[in-house]
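Two complexes follow with chain A in common, the first pairing it with chain B and the second with chain C.
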Partner chain A sequence: MKKPVVGVFGVSGCAGCMLTMLYEDAFKQLSNFLDLRSFPLIKEDKYTGDFDYVFIEGTVCSDEDIMKLNEIRKRTKKVVAIGSCAALGGVPSAKNFLDQEKVMKLVYPKTNQLKSTLPQPISMHIKVDYSLPQCPPDKKEILEFIQCILTGREFKPYENPVCFECRKKGNKCLLDEGKLCLGPITNGGCNALCPSNKTTCYGCRGPLKEANLKAFINLLKEKGFTKKELHDKMRTFAGLGFGELEEENKTSRWLEN
Partner chain B sequence: MKEINLDQICKIEGHASLKLKIEKNKVKVCELEAQEGARFFEALVLGKNIDDVQEIVSRICGICSSSHSVCAIQALEKAIGIEPNESQKALRELLILGERLRSHATHLYFLSLPDYYGFSSALDMAKEHKEKIDNALTLITLGNRIVSIVGGREIHPFIKIKESMKNLEKAKEAVEEIEKVKPIIIRTIKLFSSLDYPKLERDTDYFSLHENDCYAATSGRLKSASGLIDSEDYKKHLKEDLKEYATSKFALKDGKPFVVGAIARIKNNQENLDFESRKLLSTIKIDMSNPFHNNLAQAIEMLQIVNRVKDLILRINENESEEIKIKPGHAVSAVEAPRGTLFHEYKVSSEGKITYCNIITPTVQNLSMMEQDITRYVDLLLEKKVPKEKIVNEIEKLIRAYDPCFSCSTHFLKVNWI
Partner chain C sequence: MQKVLKKKELNNFIKELMSNYEIIAPVKNGKFEIIKDPSNMELGKITIVPAKEFFLPEGETLIEFKGKKVIKTHPENKKRIIFGMRKCDLNAVKIMDSIIKDENYLSRRKNTILMGIFCEHPDEYCFCNSMELEDYYDLLFYPEDDKYYISVGSEKGKKLVAKLPEAKKEIIRIIKNFKRVPDKSIEKHYRNKIWESDANRCLSCAACTINCPTCTCFEIYDELSPDLKNGTRKRGAASCQLKSFSTVAGGKAFRNSRLARFKQFVYHKIVYYKKRNGRYMCVGCGRCLRACPPKIDWTDTINILTGMKNHDAKRNRVSAKKV
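Moving on to the complex of A and B:
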């Protein structure tokens, strides 16, 4: 069988996702069983042909990023958004919720020097076939995805809240300890990594489809959290992911009433 | 030949391009540009609670997320008047060293070695030199393991004010692993000291942290040819300049280009290396004035890292996390990230919110010297009438020797929150 042709690219990001693909098992799989034609982090990018699968990390932060995505999309059968930035907007997209003019002025005294677009997930610009959010991405999930490519099995994303795995592990509930944890409204599959390390869930795998946001917000209200605290948390990692949910469910109104 | 343009420099961290204009066989213009979109990290942490800062700034860079995390936590602790205990200090140094080991191994074997073996990438090199890639992966795995033992995961570790994750049992297992991996490190040093490096001399200033009694990683004063300064005074000496063609800033030290990173650390602190590393260093020919020899400095540092890690693991003990009292304050912290000295500065309000943040990354400090070295090297190659294609290869080799990180460099943005 012909090996599937694969590329690994990044738009504006930290390279953490690409490194996850370079370290150990994922790299062995990529280099042995797939035809890895483009990976500019470790390889000159001279290939101009088509891809079966392309993995892309990073947030769209510039016009160059958009051009690059469009160019890759044209040559690719299946685009895989890897990591929270590509899939949801990630940490950089918190800028969407700040006063743009103020940020720009304060960060760059001479604003005319900077070209910057609003930070967005790649799906705002091109069609994305699969998303593997998490920051940094889960190695096992990447390996599972590669197995799906190799065997022709359809990749099934995990669809339970973080709390599901967290309880199974026997962790103490951080919400019970008075900490603002997004576990109940966040899609799991991370094996509750953050709560298991005494860190609250920041929602880096994105909102749970069936999240009962109203009940969650009532719980937070009871515990005395403010609207700003909830928004700060929701906007740290999932970026625009929760933004949409906020809009739909009008979190602000609930929190204020 | 009038121009050389490298639109996409590969095998480096992040995206960058280079423009050279040549007149009468001399380089007239040399512009190195980061092609990363600005991500405004310093603005994103403003108004945030001190507990949330590390999770955010860690994401500046996947390669040096431990360094950003440790640097932020140290600065925040200093700002609110908290002193970490000896065990916590050791844990933080372990995070920095584990990360440096995997970063150096990745750079040396995946990015740099193919240049010297005449392969276009590590993937092609793997076909004939599988053991080199296996060695790289073994070293990376050990580095990852050290970071995970302390930080709970390999990239973007969990680390908190006055607390660090730890797993003493796994740490002891890692010590055994080190003994197995050491011969690979010795072979790596021998391999990289046997390569035929291009000859290029430069007169520059080397800048790094310095401690009297150890090979500085997370503490100390800043050493350069002009003596020692306190990290709090970094802004008096490092001036940042935003060039029209680049989103990253270029830093100068006292008005001049300078160098940070492995070669600067070895140059400034070689007397503080452990006995074994110092002895091995004395047997190899390392020329500090040659930028290509940064590879050799990285290889030597890998031996220092594993020897130091063994010491540090013995120093950690169980300690309970303590209640933190917030006091308003302002502090700077400097750590030695894989690519050189990293600065984080924060102001914290009495409510524990961030009101000011400034971050200076190592690559930004190297950019000016990189441009100077490229100019000098290309002039030399033009004089020897080297063909253009070969010049392009040589430029890339030189840029890669610096091990630049352009993800980091574009976040060197000054923020004054009014």
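Moving on to the complex of A and C:
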């Protein structure tokens, strides 16, 4: 079998997703089966041909990013958004919910040279075939995805709430302890990493399609949480995604008192 | 004839058993765990997580494959005693016995001795008296003053207490529940709108089924090694409360609505299993209610449906619009 040609690229981001791939021994083993042509952390990008699969990390934050994405999309059969930034908008997307001018002045007080656009997930600009969100991405999931490529199986994204895996591990519920945990409305697959370490879920894998947002908000209200507290948490990693979920469920009405 | 053990000698009794058995008992964090020191036991409260993981461990390997060769793996054959199981936990094992017939389960079950303890302090979620529980144990400890009176339920259990003196009197106690579900005839109420008010509050987080001692549904998945040559086939818990549970190839989900999934949980425990096996699948431990984040109480709903509890105003409005 011909080895699939694979590239790894990044738009505005921290390169953490690439590091996750790089530091995984199993990935090194698996890369023997791949024709890895572009990986900024390993070698300079001189390859000009086409790809079968391209992994892209980072948020779209500038016009250069958009140009880069369009150029990559033309050269590849499949695009894989890797990490919360590429798949959902990630931490930079919190800017969508703030005053643009204020943020600009706060972060870059001395310059007005920078022109940043509204931070968005890459799917807003190019067609994305697969998404592997999480910050940093789940090593096991990346490996499973590559194994699917190599064995010709269709990759099946995880579609159960974080709570499912959390309960399977026998964890005590953080909501019961009076903490605001996004577990019930967040897509799992992370093996409940944060709640298992007594940290609440911040929704870095994005909203659960099946989430019962109305019930969740009612529960939070019963427990005395405010709209701001919920939004702060939702907008840490996947504000845009949760925003869509809110719109679908028309939650603004329930959130007011 | 019952046997007697002084309460202060319990730890020594358990310690002696440790030389031949792995001892599993409730500990402080609300779970059953393998204990090395009997003083870590916490027998006063019902555990949040049931003991089913010692019969059906999460992610257990069923087979391994090396290249094209398939190797059947066998479960660890340790001799175990689970101590501190309550009547609900013990009955749950009986129900699991009736459902699961696979080799791994049977082997673990055969090597496990059930040493129960009488439940002195049921909490506000317990309703075991309403679920027609039976006596099912190898040994059962009844605390009374400074002693345990031990009932023997099997030959296996008898051997463990052979050295202990016989009791001069017999102590049998009955568990006191506050919560009751006297009438469970809900089959005719399947389409009642009242279930919607429960399902609308449900987060579909699956806490109820994961913490249920009789929920045994599972999924099977394969894990490949990085060299793509070897792999393992594993089994983990599944939950009927998730849409993915009833989703088949092509994406069709048979229980698409939260309402259908919620009712499946209740009706399986109370109606369907009873029809087939003559007893309830629910043991009244209340773990589903305890674990539920919005604290949905389906026993309450049953009581309303069967007229055992007065409707409160809000619920009355919902159920008035019957289909």
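As a convention for this text, the second predicted complex is superposed on the first by the 243 of 257 C-alpha atoms of A that agree within 3 Å, B and C clash if a C-alpha of one lies under 4 Å from a C-alpha of the other, contacts with A are read in each partner's own complex, and residues count from 1 in each chain.
The criterion applied here is as follows: a contact is a pair of C-beta atoms (placed from the backbone, for glycine too) under 8 Å apart; a residue touches a chain by one contact, two chains touch by 3 or more.
Treat the numbers as computed from the prediction; the structure is a model and nothing was measured.
When both complexes are superposed on chain A, chain B and chain C sit side by side without a clash. By the touch criterion stated above, A:Cys135 is placed in contact with chain B alone, chain C being left untouched. Contact comparison for chain A: of chain B and chain C, B touches the greater number of residues. Of the two partner chains placed around the shared chain by superposition, chain B is the only one that A:Lys198 touches, whereas chain C remains out of contact. Shared-chain residue A:Asn218: touches chain C; no touch with chain B.
With both structures placed on the common chain, the touch criterion links A:Asp50 to neither chain B nor chain C.
With the two structures brought together on chain A, the opening angle seen from the C-alpha centre of chain A toward chain B and chain C is 110°, to the nearest 10. Judged by the touch definition given at the top, the superposed model places A:Lys95 against chain B, while chain C stays out of reach.
In the overlay built on the shared chain, the residue A:Pro40 is in contact with chain B alone; chain C does not reach it.
With both structures placed on the common chain, the touch criterion links A:Glu71 to neither chain B nor chain C.
Between chain B and chain C, the minimal CA-CA distance in the chain A superposition rounds to 15 Å. Chain A residues 27 lie at the interface with chain B in one structure and with chain C in the other. The touching residues of chain A, counted against chain B in their complex, run 10-20, 22-24, 27-28, 31, 36, 39-45, 59-62, 64-65, 90-92, 94-95, 98, 103, 106-110, 113-114, 116-117, 119, 135-136, 193-194, 196-199, 202, 232, 236. Chain B contributes residues 8, 10-15, 35-44, 48-49, 52, 55-56, 59-63, 65, 102, 106, 110-111, 120-123, 126, 137, 140-141, 144, 152-156, 158, 160, 165, 242, 244, 247, 407, 410, 413-418 to its touches with chain A in the complex. Residue ranges of chain C in contact with chain A, taken from their complex: 29-31, 48-49, 53, 58, 200-207, 210-211, 224, 226-228, 236-237, 239, 242-244, 258, 291, 293-294. Against chain C, the residues of chain A that register as touching in their complex are 25-27, 29-30, 33, 143, 147, 150-151, 159-161, 163-164, 167-170, 172-173, 175-176, 183-185, 210-212, 214-216, 218-219, 222.
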